[in-house]
């Protein structure tokens, strides 16, 4: 009886191997010939805009099938977020909107790795402080989004740009405020400061004789 | 007369296709047989615990993404719960459900990677790309949710960073409808494959006692037959309100605690995660998603230990606070680290090919080992 | 080949003047050139096909950038491999290290000598053809062990040792399965085996008896093991031994290993087709000698002017395609695109191929007019040489596709299990088939 069991196990082994291998082969065959490919052909496809870069690609029709092609007919309404386009909340390279910045330093303080450096001066006709330095070191940024989250005026925001590769890391340290503008603002601030001091002195001068009396 | 053979020392790693990151195993082998196997860790040490002492509490959140990059949401969650307990921050119910939702979704994709790389380590490349194909979809969903595909930095103290976008739950449900048959397909494709089973059944058996002795956690522990899951036994967040089973290894195929049961547990857990996700979607309450405090976060002096169930098992944060805005000490306990300790015990006596199966079955992620 | 030499020697004065031995040498060199080029082309094509199959099974696209459908990708890879630096480790045994890949290549190239391309196309129809093939197949193991040993790397050594154990073991079921066929035909010559399968599908050894049916699968499995492909790729087992025996190789020496591996796929497919799938026999009850007369008749039929006119009219769609292709071409020229970056090549590749087919067809049909009197001869030659080759090649491609398909479906076995499959399953079954085939023949005789 034991011998018979062994013989049975022997042939069951062969059967199981053949059955499961053919099952696996059927699945790969199905994937190879009856399912749509999921490749997004990135350089030929503009992910930010969500359309092919070369108009002639569309003539092929099946270059960038969305995931819905994988689904059955009942579930064809799925609009894949990335399959053709980046989503709204995408965290790309950091962007900076200079006019709305108030140099409150919240972004710089909230950055875990000190990627952002901000300096600002007080000048006339601008809410808060006017930035004279706004520097982002993209080589260190880890796209955590803490700076964007705390910015009260949405001056720091995520762009949907992600192609930041470069041959020289120094190009990744980006100054958003030109030296000229920075200098101009500093001069303005200096003048304003001098002006204020002068005013103060004048006032003090005016006030002193009165005290003297 | 026995044939005199010489043993040789074989360096498996730090750069090796199946060490899942930068791990090194020093093997003393007799041909293919391993006499001694010693894991040598530390190649990916980034000093996360030290960094935690340097930065304010909120700034450490992005670093937890890097703790276990395959399950960033779960690491976020564990850290957030630790600080919330320490600083006594209330979390709105919607945020709790969103947290469980993203954590379970992340568990699915983490296990997908585990299953896929397991198959790849056994020599089958196609299952890996198939699992990645599904994972890509979840990554798309996460990207829509928080803008990132891998290091999410999504969970905040007192809630989550963003509310669910319009129509997110519909898309998620569509993914789940797509995913369940696919899971079935993996079973037909790889789990039941004779060669795959031959390679795993009865290999590197870890008995329940050994598993407890070496502090195995998570799926690896449950595969050895110990019924322990923090989501059920010490419910945190809203896991207490959700109905789900904890899959525990039974020697259905092969032996209890062998590589195959560790693999199989992960497949079963994915099914349970789908179940949890469906419940979350049903019960998702309306309301605020973030109880955001304007004050600077400060933790009263004291010691706190919070553990959560991450895909690789228990993830514990031990926080010592002496007041102020930074922790005095933050110790992180991870599943992969304790899984590495048992490799030396179980690894000797195996063949080189089996060692690959053992490492893959323990689902070790190198950055989580070294932190 | 001997026939060819004799024929040339007797027919042409030139060859008589230079003597018999030089004639034979010239013919041999020419044959070697043809075979080596065919071998190189086939291995290149297989690298392309493998990556395409890999892409398809993985829900990807596979190579599609270089040339139409990525067909020229293998040339780009070859050029890359040739241009790369050839690194020889300092601790390696230099001479053996350099020599090993060529030994492997030699083994594969030698196999091509007895592989038939058609009833009259074979380099040398040895009367021990099958035995010769088994012998050249074993060349591989020497190359692999030498490569593993000379690299002076522990992974390479393990790979070499594994390959030795594997290939030596799998020689046995391989030979046993072929022996079933040899038993049935009573000859070892490749052409002889094919001729024995004449007369339609049910005469092929795959279908002629249950034992040779089983033998086909034994042969297939053990041949895959012989050429180290998944699920038996343990000598190079990527996730275990990193790259196995070829871990230290780079540049074209590495390329040589792969050329041999992919060339071997054609060899085993060709042998499987020869021994079990009727070789160049059509799956119809048509004798190969009848093909010539069929061509003859067809040539006579096509030579009739009314038939020719109708055919030429049918070629009209070609003009439309040519017009579209021309427009795409003009588009490129205006924008000064490079060849591979051009719209013509990249986006109208199917048009290009169809256009080529149609244009070729049209040209051929046009050639029918001046060649009307020679048509029967031409068609006779085509039916005698080209058609059998195409039949053989198609069958071989089908088998190769299954080989590649396996590669992308199955996990890899462990060393001991690999041996188990051989000694516990394939060899007993092989003997069973051998005995069974004898019994079967006795039953029907």
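Per-chain residue numbering starts at 1, and chain names A, B and C are given in the order in which the chains are listed.
Here is the rule we go by: a contact is a pair of C-beta atoms (placed from the backbone, for glycine too) under 8 Å apart; a residue touches a chain by one contact, two chains touch by 3 or more.
Fair warning: this is a prediction, and the values are worked out from it, not measured in the lab.
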| item | value |
| --- | --- |
| Core chain by centroid distance, with centroids computed from Cα atoms only | B |
| Winner on C-beta contact pairs when A-C is weighed against A-B | A-B |
| Centre-to-centre distance between chain C and chain B (centres being mean Cα positions), rounded to whole Å | 47 |
| Between chain C and chain A, distance of the C-alpha-averaged centres to the nearest whole Å | 50 |
| Distance from the mean Cα position of chain B to that of chain A, given in whole angstrom | 26 |
| Shared-contact residues (touching 2 or more other chains) in chain B | 126, 130, 133, 190, 193, 195 |
| Shared interface positions of chain A, touching two or more other chains | 13, 21, 24, 27-28, 31, 38 |
| Residues of chain C whose C-beta touches two or more other chains | 57-60, 408-410 |
| Touching residues (chain side chain B, partner chain C) in the complex | 8, 10, 16-18, 31-32, 119-126, 129-130, 133, 190, 193, 195-196, 198-199, 351-354, 356 |
| Chain B partner contacts - residues on chain C that touch it in the complex | 54, 57-60, 154-155, 158, 161-162, 230-231, 233-234, 237-242, 408-417 |
| In the complex with chain A, residue positions of chain B that touch it | 55, 58-63, 65, 126, 130, 133, 136-137, 139-141, 143-148, 151, 153, 161-162, 165, 171, 174, 177-178, 185, 188-190, 192-195 |
| List of chain A residues in touch with chain C within their complex | 13-14, 21, 24-25, 27-29, 31-33, 35, 37-39, 41, 56-57, 59-60 |
| Parts of chain A lying in touch with chain B, wherever the complex brings them together | 13, 16-17, 20-21, 23-24, 27-28, 31, 38, 67, 70-71, 75, 77-83, 86-91, 110-112, 142-146, 149, 158 |
